[in-house]
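Below: the structure, in structure tokens.
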Amino acid sequence: MTERVGVYVCHCGSNIAGVVDVVDVANWAAEKLGRRGVIIARDYKFMCSSLGQELIEKDIKELGLTRIVVAACSPHLHEKTFRIAAKNAGLNPYLVELASIREQVSWVHTDKAVATAKAKAVVSGAVSRVIENQALEEIKVPINPNTLIVGGGIAGIQAALEIANAGFHVYLVEREPSIGGHMSQFDKTFPTLDCSACILTPRMVEAGTHPNITLLTWSEVTKVTGYVGNFNVTIKKKARFVNEELCTGCGICQEKCPKKVIDEVYEAGLGYRKAVYTPFAQAVPNFPVMDKENCTYFIKGTCKACEKFCPTGAIDFKQEDQLINLDVGNVILATGYDLFDARRVRNDGYGRLPNVFTSLEFERLSNAAGPTNGNIVLRDGKSTPKSVGIIHCVGSRDRNFNNYCSVICCMQGLKFAHLVHERTGATVYNFYIDMRTAYKAYDEFYQRVLEEGTLFVRGKVAEVTDAARNEREKGKLIIQVEDTLASKQRRIPVDMVILSSGLQPRRDSKDVGKLFGISCSTDGWFTEKHPKLDPVATMTEGIFIAGCAQGPKDIPSSVAQGAAASARVLDKILQKEVALEPVRASVDKATCSGCRICNGLCPFNAISFIEDDQVTEINPALCQGCGTCVAACPAGAISGTGFSNEQIIAQIDGLLMKNLEMV
Amino acid sequence: MKPKFAMYWAASCGGCEIAVLNTHEKILDVDANFDVVFWPVAMDAKYKDVEAMEDGSILLTLFNGSIRNDENEHIAKLLRQKSKILVAFGSCACEGCIPGLANLSPVGDIVHTAFNTLTTDNPHQIYPRTSFDVPEGELHIPKLEKVLRPLDHVVDVDYYMPGCPPESHQIAAVIDLVIKVVKGEAELPPKGATIGVGNSTVCDECPRARNVKTIREFKRIQDIAPVDPNLCLLEQGIPCNGPATCSGCNARCPNAGAQCIGCYGPAQGVMDYGARLITAFSSVIDATEPQEIERILDGIPDPIGQVYRFNLAGSLLKANRNAFKS
Amino acid sequence: MPQMTDERVRAGLNREEDLSLLNEVSVKTAGVSHLEMCIQCGTCGGSCPAAMDMDHTPRMLFAMLRAGMREEVLRSNTPWICVSCYHCVVRCPQEVHIADVMYTLKGMAIKVKLYSDSTAPHFSQTFVDMVETYGRSFELGLASRHYLKHFPLRLPGIMPMGFGMLTKGRIDVAPRRIKQMKQLKAILSRAKKLELTS
Amino acid sequence: MNKYLLYPGCSMDSSARAYLESLNTILEPLDLQLDEIEDWNCCGATEYLGINLIPAYSLIARNLALATKQMDSVNGTGGTRTVITPCSACYLNLAKADHYMQERPALGAKVNEALSAGGLEYKPGTLDVRHLLDILVYDIGLDAIKRKVTRPLNGLKVVPYMGCMLPRPDYKHRWSDHEHPTELDDLLRALGADVIDYPLTTECCGGHMTQIGPETAFELIRRLIAGAHERGAYLMAAVCPMCQLNIDAYQLETNRFFHTHYHMPILFFTQLMGLAFGREPAELGIGAELVSARNALAHIGVEVPVTQEPATPRKKDEGLPMPRRWTRHEEKEAVK
Amino acid sequence: MTHNTFEPTIIGFTCNWCSYRAADLAGTARMKYAPNVRLIRMMCSGRLDPTFVLRALSEGADGVMITGCHPGECHYIEQNYKALRRYLLLKRVLKGMGIEPERVKLVWASAAEGAKFAAETTAFVEEIRKLGPLSWGKDEGGGMKDEIKNGDSSLTIHAERSSFEKEVAA
């Protein structure tokens, strides 16, 4: 049967028509591609508009079109739109092809003749290909209503509570001994100066006691298989050496433990903890964990003070790591951020000059529950600074480190200025490149800090040094900077420097992304499906992201994203089943020789070998449609729907305008 | 009147002709059922006799050999005109076969090699000419073309029967089929089909055990001792062409302890034989680092000869570019 | 990129209201200058050990470049004060090749003779003359020519130093020459021609 | 035998003769062979670049082109593919020409066109330009150097002075840091010296400003000398002829300018190596410095065992812990 | 631009998850690159059958660009390695066919690397331009059945001059 092809060339306003002569492309397609089956070619201002779609539907019905080519934007944007239009008109949606002449032509080229010629080639390729398309049906699979949330910071907690409250079960996995994340380390939150613990702790307790939430702290996901609706995850629950059934969280073990270690995580290296510890008083769950590396018993074989004093016999030195296997339908990754390591900015002196602190150190310093009980003091542990410099953009907006703006540092710097001022009365300088306080009530806070008398110097700090040039500088930290508003280099001696360090992706974000099959931006943040319209979904169906794992953000945004991700998950759960793209490989058993070349190629275990028949088989539910086996089969016995050999060869020929009837 | 039969030998070794004779008593069926009108190796006939025949008067022509010179081309066109069913018979006619490897060199180089290398005693540097005057008149020998072509590059072909040569039992089966068709007892396969073959690849008929393959090294068969007689040769690191080669030969070579070299050509529907082998061999390599992959690939010292031994002229790229440009 | 004609480039005095000055400097700078990427953060001005003697900080100079203030930029002493310590270069968050831009500006200023103090340009030129004559630098010749011209009053002050250097054998009294001076001259003369056509 | 090509630079024959003499004494003990590039010319210092672009780079590239002729064709990697320079300014110029000829192929093409007038050619990336200190620390190794020490410099309080053009811009990431590199510290420590933490180690010596803007230069020199003096140094160790010259020869003028009385000798690090290897001062060009190192060196040989004090003395338990020191591995990871 | 300037035609195979999105990103960011590459979307670089490359080269393409996710970042975990292996063997075969192996290039580009995609495309076009057309020569002798296509002259693409070229000319 000869196919009847309709070609629709979109102007996209001037987005395409400004560079490509769309009328010429449509006329050309009608004239030159006629013998390939094009019976109608039209151009239209906005094909994706309802009028544009109706145009196609009408032609399908009235002209009996059997194939549709829409030359417009990227298929990632509107393929679905036109497939639905075709479906509405009674045509199988997979008989539609998009020719991308916007992202790949009009937006990237400037010469009109060149762009028009390329658009014709792209249309020619799509027409050739669409003729080889086959009618396909979506594959429907049921959705497991359980959800896995990775990361128990504020974003993960929020998402977990939303889903649990809606009546579905959540597994909340956290790497550290307690949920709470970075927010639990903070003293005050900007711009309202709420006490961080006061607003966070109730949420943590709610998550810890919710009947629909299973907390898996001190645990990590190690393996993920399956696909949307049907993931199978393996979780490593690290040995706590504390029996959770017996432990009452009384804290005697910590008290009696003789081994003191610097707490690099919760106290940001500024305070101490024991070898057996709960990271902080309000930890959820409140069971301690034992740090095997530092525990005297594990090192020397004696001690066991904790065991001796534990009133319930909960200490269990024989505990081992446990692997837990779970079936879940959807996943939310809320794995958060790492603080930029300020030691990398050598000129700021962190790690070399004692009285240079990072933002997280300062949070602990100013926290009433912190190592100094909230006293803002120098590294000697007692002197109160008389002057403090707060440096913005440390490690951010800098091609030597991280290119991006870390979003929170300006507000954080202002918060620090306020706290220092309030608690010590010291003179405070803020060194900034640009003040970015664009959010509700943020600029008002800036005004307030100005009012308090904080000094602002516009200039990126060149260097913090202890090399004094004169008496005034002796014994101080000197901040050398160009005051760009005064156009003068200044050297400002202070007692304490606080670095408003930027945020960066978790060190293992690429590995985690790989584990869950999602990609990271070049910076390392998880990539969302669409930066504006789909910020919590990912390219992988059923995997969602929330909080700083997606990019730097403050607490309100993290909470909003956690809630948004949970809404997307609930939407999936309530649909009960999900339609999968019918892009699948299958084996023609008659022509399969059983050579087993393809057998080792599938990472999803969709390929199996039937010994009895000596042929290979592909499980369509496990197949992800990558097509590697199709390309590999030496007998040509494997075919792939949606991206068949015939389709691709036809597209190659079409793009090269092979066999084009020349007049 | 019996239907007419013809067979022709163009650029090829002649093995195909022997293979037909090798069908033993089946050859008598040919004689019984057909009137052999043109078969230079078996009987005397002149081109002008064929030229005089009515168009389409020969029912079946088995054309073996590829098109190397203008004479081959002339006869191919002539036989096409006179035949109802034209079969590309044997690997040369189907896809160029071993003579097709000459497409790796410009024709001048080939002639030079033939007439002026160590193995040739040609003290007077005599090279053939396409025409030569003798007292009796002007003599002609055929002119070599730039590249060798399979039959279907020159004329329309009805069926393909691969093999170097086609297996006798397959020839017999085809003869039986045609006889049945003549008698109205069977129908011809669709035009363009490959006949006298199985519907899968050599592995299908190979008795050796097969597993999931991971190759860390390719080796020539003579460099492996001992070769496991019961295990897939490819799994032993021997680049065996079986996985990509059309079945029909009963896995003759692997059965005899040698790797398949691919004379039966690609499986049906495959566009390029070499591409199938490229993808087959590279798919089972167990390495991810480019240097390591390259090291393993070094074990296939002659990639072209390995993947296109029988198919170069019929491949998508058809020849070395320098041969075309010459 | 706006087209620059040779005449306009050589005249060097045109005030451009667009980015042509910035672009010109970029094109004449050895590597990829990234000058257009400057965010005016002041890291360079803050880092500079000699900023106190500059009439514009490097940051300010780049703002002026962007504003097309050709004459003011070329007249600025900033490039001449630059000590090439590269502190600003490694710290610049936008990877602007500041030190190389300074070399470019010096070259441009010399071509149109726009500088307020001739000491530095003359020193450079004297040095280059020595190298072009001998293939090696010649400190005594350089210093004596330079000091006589620009710092005659400093001479008594540095005499003890010069004497010390001489007696301790740290100054050659005669220049050293390379063997293939002819070859070097050919290279430099070709290079100078290429410089003009670029 | 570690074989390298040597680009000495003009100063090594004149004002920094002591550098060359002392360098020559350490070659044999360290099994080093340096082949001088034949007929090398001046690199143009910081002057030529400020006048003409193409001629300046052609001037530099002539040296690179000459050096390729002396490359060992058999040993194509490392070894004689490496040009070493003892002068930081020469090092930067040579490295820079190689770098920019690659980064900007148009520049590379023009430079080669100029070179062709002299029958020469340089393919960027052919050579590896490195500084002497880099070779000693990373190729020869501190352990090998330590083994050759016969007269440890115990008690010699020295500030390591790297200067600016060596650690910056550091096109090939050779140094541990742009701001506070430790290579020179480590090397001097290997000689047994009492190395003082010197935050000014990569500050500028004033460069050519001593010639064209002396007041600017005097201030830079003052900062360095004052910094060394305040930290109790007996002398400074230099890795560059220009640094040594500015701090040594212009110290008197600087003192006069600021009405100060500093006496801060500065020696080349190779001179200190020679001493530690047991050579006599006279062989090492010691005495050629204008600010005499005699008193400073009097400390050597006097047996005064030195115990190192912690960098930041703190009372236990009272203060807050400092950030954990990076391990080498962590540091590398972080920079990656 | 003179009319006899050779403008290569290049077929690009892109992965749905990374390089095709990189191309989209280049578009969204309005980055300009050489217009000579025409893209085909596949689900994965692992889908790349060497036949596709041979087909493109035999049907008139002067070069083929294969793009996929960076090693270790494949959406399908590890299939890009398979593309890498095929590519390396394919290049060896092409070399034997008298075709410069540089006419086929494998580029890793993540979805975030629009700029890299644009730059690599332009660079590849320049490389192919230097190599000249993949001419099989006119086959006067007997002619091949499939006439080698020489391009529709009305569709000859005039590339914009790359910025690099401008720089050299400057």
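Residue numbering begins at 1 within each chain, and the chains themselves are lettered A, B, C, D and E in the order written.
Please note the rule applied: contacts are C-beta pairs under 8 Å (C-beta built on N, C-alpha and C of every residue); 3 or more make two chains touch, one makes a residue touch a chain.
This one's a predicted model, so the numbers in the text were calculated from it and none came from an experiment.
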Next item on the list: Return the chains common to the contact lists of chain A and chain B.
Entry: E
Notebook entry, point to check: Which chain wins if you rank chains by how close their C-alpha centre is to the centre of all protein C-alpha atoms?
Noted result: E
Check: If you tally contacts for every chain pair, which pair is highest?
Finding: C-D
Check: Taking each chain's centre as the mean of its CA atoms, how far is chain B from chain E in angstrom?
Finding: 33
Item checked: Centre-of-Cα separation between chain D and chain C, whole angstrom -> 23
Check: How big is the gap, in whole Å, between where the Cα atoms of chain C centre and where those of chain E centre?
Finding: 45
Notebook entry, point to check: Of all the residues in chain C, which ones touch at least 2 other chains?
Noted result: 52, 87, 90-91, 198
Next item on the list: Would you please write down the residue numbers of chain E that are in contact with two or more other chains?
Entry: 49, 51, 55, 78, 82, 86, 167, 170
Margin query: Could you pull out the residues of chain D that touch at least 2 other chains?
Written below: 104, 178-179, 223
Next item on the list: Would you tell me which residues of chain E are touching chain A in their complex?
Entry: 9, 11, 17-18, 20-21, 23-24, 26-28, 30-33, 35, 38-44, 46-49, 51-52, 55-56, 59-61, 69, 72-73, 75-79, 82, 86, 110-113, 118, 149, 151-152, 154-160
Check: Which positions of chain B touch chain E when the two form their complex?
Finding: 67, 70, 73, 104, 145-147, 149, 152-154, 271-272, 274-276, 278-279, 281-283, 285, 287-288, 290, 293-294, 297, 300, 302-304, 307-308, 315-326
Item checked: In the complex with chain B, residue positions of chain A that touch it -> 590-601, 609, 614, 631-637, 645, 649
Check: Which residues of chain D touch chain A in their complex?
Finding: 177-180, 199-200, 223, 226-227, 312, 314, 318-326, 331, 334-335
Checklist line | In the complex, chain C residues that touch chain A | finding: 39-48, 51-52, 56-57, 59-60, 87-88, 90-91, 93-95
